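Starting off with a structure, shown below.
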């Protein structure tokens, strides 16, 4: 059975992430969306909130589950018996950073393959950061994030 | 009447910015240099100081005015009845970030066009950050910034 | 009066070109779509066919005219009294080539400004070459080119 | 059953290609290495020679077969009932071209996914072209291509 | 006598740095590895620790010495009578940043040349940051850093 | 004694090449400008003409000599007892190609180092190809090439 992991911060999940999840869920038997719990990086949503929003957004896809990890991604992959990492690529700058991470992960765990899927062009400008910035300034993020995320963002920034 | 906005932090204005202002002022009827007031980003100069330095540097160009904004650029553009954003491009990394912003702004305000002008090669290495770093370490920034900025930088760092 | 030139081979015009033409026609008083007649480069369509297809595609835009040139672009610009060149940018590789051309043109004609507009993401993969390749192999290019071009391509490749 | 296609010119197959084949054969049930027969592009080896060399190099991998196609890749994929295209990425310039092709193929065949695998760094400088150039000038290409290819190259260039 | 400087944070030195040092030491009469003391940037190791680790790693190379500097690199170069800066390049993003710095340094000190050496592909994914991140999460960094650094990293993170 | 080679087509030499020659001649004891004789590539000038123009342009630099080679650069380097290749970098696209060549050359000749020098920004748009294109269309290439080359280009294209 081919188990793949789609790791990320997902702070919060966007429609770009969702597109990658839908498309890669068709390539593998099982896809684990894995939220990185990074105590050194300030996040807008807690890991629990992020997991809840992802679960709400992917509930229609059967072979997808949502989990979280801290520590090395390769250790999480070993524990889950997964040998495939899925990453979305938008731009050249993504490419270089992701290449570096893929090579490091292969160095740490030789059997692990990182595969890349190009982001749908209609989401090519989209990132969690830009969504948060726009939402924090009162801009509309409909069409950019799942409805559940739109609502959560409105709550977070309503008193601003 | 074609109104264009040239937005930025301008902390402080450099000769590279000034070159873009001079050249794009000839393309449009009115050009608004718009200083972003971002409370989340630490700046060396206050918005007032930055505006004053820009005004000093662009006083010879008739159709240029200096303003500031906080919040979304698209809201400022709507208020000013401007449908053109001007940005300078220096390098590939600029290109990707600016492309992302241009697409997001078009998503938020469909009639808004972002146009890009290549920075003069003699300023291709220039940025407000590198100017501040060099000035803070006692390096000479003549030829890189307008005279009024050179003086202000010397004041800021004289006790360092 | 601001006269701008949008130069290219247009062999043939695509919906990506058309998007740039529509958007930049709103920025300037007059826009000249200028087909390059390059005797050293093999083309699928003659200059006359290319001009005819462009005329068919832009007939709804008032301030756009279609012309052709051979020789240096700067000489054509001088003759037309135009001081603005419009170019579409899709990707980093475009960017570097276009930057080189813009700098060379500025060297040859100091008053000439090249401005860049980002291609709509939905056309980011589109080029005349890829359209010709797909059409020559019997693929469908609807949505990628104006209807008149689709028909012309079908004719060109019908006996292949 | 997941069927994937690894398309290319393979003129000739290199150790970089072989690395991608070995690694991606583990990700899918069946992998078809598909040699493009392009009458418009001059090649050093005939399609038959290229297929023979690939067969010699991949005989140890069970779920890999070798085939050829002309025309559109998407038509070949449909015929083979394959919904996955595998491509190796070496560098930023690869990335932009491959992104363009992946988007065009998705436009022509919506269910088709292109996945990218990073080339092993030790082959990051390797391409069929550079191998041919070095071999044609009498340089040693051992370690860069499978032994069968090294021999074939020596034959091709022995009288030069 | 050709004196070259190889500047950096070296927090800590990696095998990628060591490869650049070994190779560039053969190009010049004297090579100074210069640790930047930057009070504004948080580091894992003190300047003294960093110098000690570099000294341990380069003791087998005769014409290499280790020093540190604060302030402008060009001032340090003038003091050392060095007219050559050596930098390693891994990726496109390195390239643009390093180009900017090289141009600024040439502006500040016209006789200073920055030369670039490509990082060995086997270290192309390596950086001090990624080494620290992996080590902090309990990953193995053998083969990525000199033995003395591996030990120091283990000490630093042992209670985490 | 440090012997370096600066290889290229130099069809013809530009002021950008000359700038790299002047600057790198100060870094090494002896610099050989090596014109590649490539029978498969169409050139405007013969190897003899190219060498003559380079000699005219570098006559003021003592430690520079001009030579030509065919075949592998590494074989020429071995014959000349040179262990350093000098290359100029202008842009990201240069970078990737040159990186590939540098790695291949190191694979073929382990002791050979390729060092890169950034092109002076005022020549960043300059290449032999663009110079030939402009000259062939009657444009002025003064300031872009040495006077001797300007004259030779005028002769070549006078009847066009």
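Think of it as A, B, C, D, E and F in the order they're written, each chain with its own count starting at 1.
In the analysis below, contacts are C-beta pairs under 8 Å (C-beta built on N, C-alpha and C of every residue); 3 or more make two chains touch, one makes a residue touch a chain.
Note that the structure is a prediction, hence the values are computed from the model and not measured.
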Residue-number overlap at the subunit D/subunit F interface, same or different (half cut):
different
Just to confirm, which listed pair, A-D, C-F or E-F, duplicates the contacts seen in C-D for more than half of them?
C-F
Name whichever of D-E and A-D has more C-beta pairs touching across its two chains.
A-D
Taking each chain's centre as the mean of its CA atoms, how far is subunit A from subunit E in angstrom?
34
Quick one: report the Å distance separating subunit B from subunit F, using the average Cα coordinate of each chain.
38
List, in ascending order, every residue of subunit F touching at least 2 other chains.
92-93, 96, 99, 102-103, 121, 124-125
Looking at the whole structure, which two-chain pairs count as touching?
A-B, A-C, A-D, A-E, B-C, B-E, B-F, C-D, C-F, D-E, D-F, E-F
Interface with subunit A, subunit D side, in the complex: residues 2, 23-24, 26-27, 83-84, 89, 92, 95-96, 99, 102-103, 113-118, 121
In their complex, what parts of subunit C are in touch with subunit A?
92, 121-122, 124-125
For subunit E, which residues count as touching subunit A in their complex?
91-93, 124-127, 130, 134, 137-140, 143-144
Under the definition above, what is the set of subunit A residues touching subunit E in their complex?
71-72, 74-75, 92-93, 96-97, 99-104, 107-108
